[in-house]
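Each remark here refers to the structure printed beneath this line.
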Amino acid sequence: MKVGFYPGCSMKGGAREYQESVSALAKVFDIELVEIPDWNCCGATAAHNLNKELSLSLPARIMALAEREGIKDIVVPCAACYNRLSVTQHELAADPALCSKVASLIELKYEGTTQILNIIQFIDKYITDRLEEKVVKPFNYKTACYYGCLLVRPHSILKFDRVEDPQSMDTLVKKAGGDAIDWAFKTECCGAGMSVSRTDTVARLSGNIMKDAADRAAEVIVVACPMCHSNLDMRRPEINKFLNEKIDIPVLYISQVLGLAVGLDAKTLGLNRHMTEVNLPEKPVKEAAVTDAPKKVVPTQKLEA
Amino acid sequence: MQDFEPKIVAFVCNWCTYAGADLTGTSRIKYSANVKIIRFPCTGRIDFMILMKAFENGADGIIVSGCHPNDCHYSTGNFHARRRWIVFRNLLNFTGIDTDRIQFSWVSAAEGFKWADVVNNCTKKIKELGPYENYNKIAVSTLFNEEGTSNE
Amino acid sequence: MSRIGVFVCHCGENISATVNCEKVAKITGELKGVEFSTDYKYMCSDPGQTLLKEAIKEHKLDGVVVAACSPRMHEPTFRKACAEAGLNPFLCEMSNIREHCSWVHPKDDLTTEKAEDLVRVMVEKVKKNKALKSIKVPVTKTALVIGGGIAGIQAALDIANCGHKVIMVEKLPSIGGHMSQLSETFPTLDCSQCILTPRMVEIAQHPNITLHTYSEVESVDGFIGNFKIKIRKKSKSLDEHLCTGCGLCTTKCPQKKIPNEFERGLGFRPAIYVPFPQAVPNKPVIDRENCTYYIKGKCKVCEIVCPTKAIRFDQEDEVIEVEAGAIVMATGFDVLKSDYFPEYGFGKYKDVIDGLQFERLASASGPTQGEIRRPSDGQVPKKIVFVACAGSRDPAKGIEYCSKICCMYTAKHAMLYKHKVHDGTPYVFYMDIRAGGKMYEEFVRRTIVEDGTHYVRGRVSTIYEKNGKLIVKGADTLMGGIPIEIEADMVVLATAGVANKGAEELAQTVHISYDSYKFFAEAHPKLKPVETNTAGIFLAGACQAPKDIPESVAAASGAAVKVAALFSNDELTRDPLVAVVNRQAAPVYSACVGCFLCQSVCPYQAIEREEIKSRSGEIIKTLARVNEGLCQGCGTCVALCRTKAIDIHGYSNQQVYTEIMALLND
Amino acid sequence: MNDMIKKVTQLLTDKTIDVFIGYGKGSADRSRAIFVRTAEQAENLVFSANCTQNLAGYLLKHEVKHLGKLGILANVAALRSILQLASEFQIKDGEVLVLFANPDGSFTEFLDFHSIEGYLLTTETGITSGEQERIAALEAMSVSERWTFWNQEFEKCIKCYACRAACPMCYCHRCTTDVNQPQWIPVASHERGNLDYHLMRAMHLAGRCVNCGECANACPMDIPLNLLTYQLISPIKAGFGATAGMKSDAVYALSTYKPDDKENFII
């Protein structure tokens, strides 16, 4: 089956391993990722700070190109791009006049019929029901799932998982045999775009996140956004300096975790590209017992739309 | 058609638009005298045949106005009325009756200004459209008929 | 009808300033059927009304048109005057030549002509008016009170003390409602049980009040003055007359570990239980879901030990039918459940509890005999955090309103905590303190100044557990929004007050409307707070919106006097402007063809099916019939009836048709 | 065909029904409705391609009803008429014995409304493409052109009310046209009286017409009456999701509402 794929700038730049792991994972489940031809930058947070029409036209153009190719679902692994495309689709659907203005700006027909999926939605839709039977090497580690912000907010538009205490990645990690621990910094800010301008702030914020994970003896942190990954992984020296404590917990993408679980090797998943060494101790392969969560898991939150 | 003074009849509900028109009065807001109000307990009470009778007897324009959705004193009268008008407008349009001459509106008891606007805009529009020739032609040809005015 | 009187009012000069009243009186005086027409400076004044009455008598008028202000203003005045002069009030109409004419148009001929048109319309209409008599509806002088909390209790006692019969229905085994769960009540800190229990006993002993506990209303039919109600008395598996309430069975019952709803999960009860010591009636009930006998078929310990052999395992539910003239809804509210706050760890961490659970901890008859102890390990918490507005005023959680009572009971909780744990430190995270009642603000000041409660102005973002402590992360906006972290031993969330579960279904059963939050809808927020849009059904207490005890009691007494007013005379009189389905002689009986479109459209369920039977009892026709007690006169059915079989007094097809003809054919 | 005759004969002899409404030979190659009450008369029953009349129009006629228990040979339009009449409490379940004429001449008996509803879900119930084209043509005209078109049509109307007699949904024994206090619809067949009548008839059938076309077939002056009611079918379906004659317990579209009914003309 074919699924539209929008890499965005980070997949070709600092987060090349994210694309490698997503493509490898898709191949294992014989899904063909069709990169949208002539795609452009989604504008990320910079655009909507400067000019509203620009911030809507960039994502609109991407979706218009996909529609022209007859693509229905588009997987957008990067949380920022996923956020921008979803918000644009929502705003253009709500304001037909704005929509026609943007369509004239990008000189393309835009109907908003594509379905924007983040990496977890993509996995849940195309992979999850075939995942457990393909797990050969259970990811038997204590895992702290870090969601960041753009993956789950604003809830009124994205309507994805629970805003305050998301569980979707935890469930995936459990299905891959991991032990998703209960910790408190799932959606705390990592410092995001401050990575260059205010590295000290990133060190403090990401530091607190790493500290809580370390205190709870997490063996690995899993993310679904290249920005979170770069702050928690690349800025690790500054974090350790801030905490004056050496924390060497590796930071993996959810696609890498599932890749390992279905038996892909470190090289294809791009684990060698990480700043913090990824040398997870070999764990005796016991059958993929799903460890029952220590505490009663709170049922999903009933949030009226 | 500047000297043409259109005859416009307004069918309004007692609890909202009639009271709104009262407020327009107490606030002394001026509006055109072409519109004359007939009171109904609710827009739900306004039968589609009443609109046909109005056109037949020389009305150039009609205003139908009542409570906003969820404000209805009888809770559902305006909802039923809205469905009736959606269907009736379709039928009138299909049979060639100019639905621009019928203005539907929600005016609450607190919207004195809005009532004056609705009346003034409607009067202006009907003046532009001119007298409702189509109906008058038919009405005239039947004048000699049994249909007298206020027969005893 | 041809002797109509037209009375054109100047209204001082409010009308005559722009309308030539004399001309209007003269012109309309020449209309066919108008016997007498005049104009006068102040028609609504005493001399004006006397002029009207004299004219009616002198000219033997059988129809009156008063051209003056809006009928919404003086229609009742002139109709009463006509009645006093011997003319049926419904033969008097008003045409609005002030608000709809003189005040909104300039002084010119067009305005005067418009006034003439408006008067002519009403003259033609009056010719089609019928003399109508107000509708008389019998009243059953018994009130049904649904709900046995403080509001229900107050309403029931007030009505019963007026000498009327009251039937009270309470869903739980005992009356008392949420108030019986409270420890002490603000702002005077008097013990809740001490002020409530006497009232509960008064209910049980009042000769006019019949109490049905462990019962629910199953159906409500009929209309104001004549409600027919079915009540399902759930089986208590007990013969209440034999049982003396000795409580032996509750001590001997082997089932000990059933969470007691009354203790909100902090305490336990046996399968045969009395919810709390001061329960009224003080007789146990068997909880069939958890009783071993009903699960496995053996045990029967309670039956064995019962001195009066009152246990009845095979007792069935009983549905009784009662009649009532009025219904008071007093079903109260509930406190928001746990699964709303994953970010506060509510339901995940045992030491994060809600306000009502704290009440149980602080209550002398509670699971900890009044000592403040943590549910997880029973330790006395040295640092406690109260979080106000947990769910209230939070659109993301779908609850935008303020629950009104939490600021006060949070201050009370902090005060009670300090009185019981002298060396403890209470924190309260708040947005705004709403203490608007009598002595409320002073109460809150006292808990800050005397008891040293730390009020932190800011919201709590998240609460998580770390090595045995609850880390409360918030901000202090008065200190420039600096983040605050408190390592607390226990956290109490002042969760939002929400409508009771099942409130929506009950509202539909009783046919009253409710708002988007499932609170019952009052007829008018300011002028009719204790009435509903359904005649004869009233609201008392927090089922209408979150309220504290003083307001609930006041609303209950308000509802009670509405009921008493209803019962003050044997019959109810109502305006006769209602719908009526035409009837003819046999064999046609009526133009109605029984399509019952009108029934499905009527918002008041005022249209019934009447079966016309032949002498041999065989149904010939099923026709629509309007119940004039219920019909409110909206007329939606009249506009929809294809055969014009149903019509409405005051706005009949004849009247409306004539008005249009008169208006457009001058 | 003869197995139907056998079935009807057996139904009549053992008194399950008192009269069977079916098709008999009409003039030339036409068919006409016949009312079979004895075994011999059953022989006259025919069925061919041009037996298309909607016989449900007779079910509520007084002259037919008092003959006793009815049986009917129904086509799709008749089935829908029966369900619509049921939703208006005019026919109870099982009150009428329904034989459905399959295109291949065989017949199936529908025992209850539920089975009729099930069958109707599988068949085409919309208006024919020819009728859609005529409506589209009219809708393409300007408002005044449509006014002239319809007035020329209504001018021909002689107020014979055949359309009312033919329509299964017009079962009121006192129609609004008979109301003279007030005289809503002028009795004379002048232009305005005709316009009033046809607008009223169309509005009274809005959301109830099962597009069987009998009104247009019955009109001696060949006025395309059915287009008036057909044109309302799609807006009512699109706006309120309601189609006439598909469910026996359906609530009539104009007697209910949704708080968020869509419209673009109320200011």
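Worth a mention:
The first chain written gets the first letter, and so on, giving A, B, C and D; residue counts start at 1 in each chain.
What we mean here is this: a residue touches a chain if its C-beta (ideal position, glycine included) is under 8 Å from a C-beta of that chain, and two chains touch if they have at least 3 such contacts.
Treat the numbers as computed from the prediction; the structure is a model and nothing was measured.
Contact tally for C-D versus A-C: the pair with more C-beta pairs in contact is C-D.
Nearest to the common centre of all protein CA atoms is the CA centroid of chain C. Using the average of C-alpha coordinates as each chain's centre, A ends up farthest from chain D.
In terms of their C-alpha centroids, the spacing between chain A and chain C amounts to 50 Å.
Chain A and chain D have Cα centroids lying 60 Å from one another.
Residue positions 48, 53, 76, 80, 84 of chain B are each in touch with at least two other chains.
The residues of chain A never reach two or more other chains; the list is empty. Counting partners per residue, chain D has 176, 184, 254-256 as the residues that reach two or more other chains.
Pairs of chains in mutual contact: A-C, B-C, B-D, C-D. Note for the complex: chain C touches chain B at residues 2, 32-33, 70-73, 96, 98-101, 103-106, 110-111, 114, 117-118, 121, 124, 127, 513, 533, 577, 601, 603-604, 632-636, 638-640, 648, 650-651, 653, 656-665.
Here chain B touches chain C in the complex through residues 5, 7, 9, 14, 18-19, 21-22, 24-26, 28-31, 33, 36-42, 44-48, 50, 53-54, 57-59, 73-77, 80-81, 84, 116, 149-150, 152, going by the rule given at the top. Note for the complex: chain C touches chain D at residues 588, 591, 593-597, 600-601, 622, 640, 642-645, 653-654, 657-658. Contacts from chain A toward chain C in the complex involve residues 155-156, 162-165, 182-184, 212, 215, 295-296, 298-299, 301-304.
Chain contact summary for the complex, chain D toward chain B: residues 138-139, 143-151, 176, 183-184, 186-188, 190-193, 195-196, 198-200, 202-203, 206-207, 228, 231-232, 235-236, 239-240, 253-259, 261, 263, 265-267.
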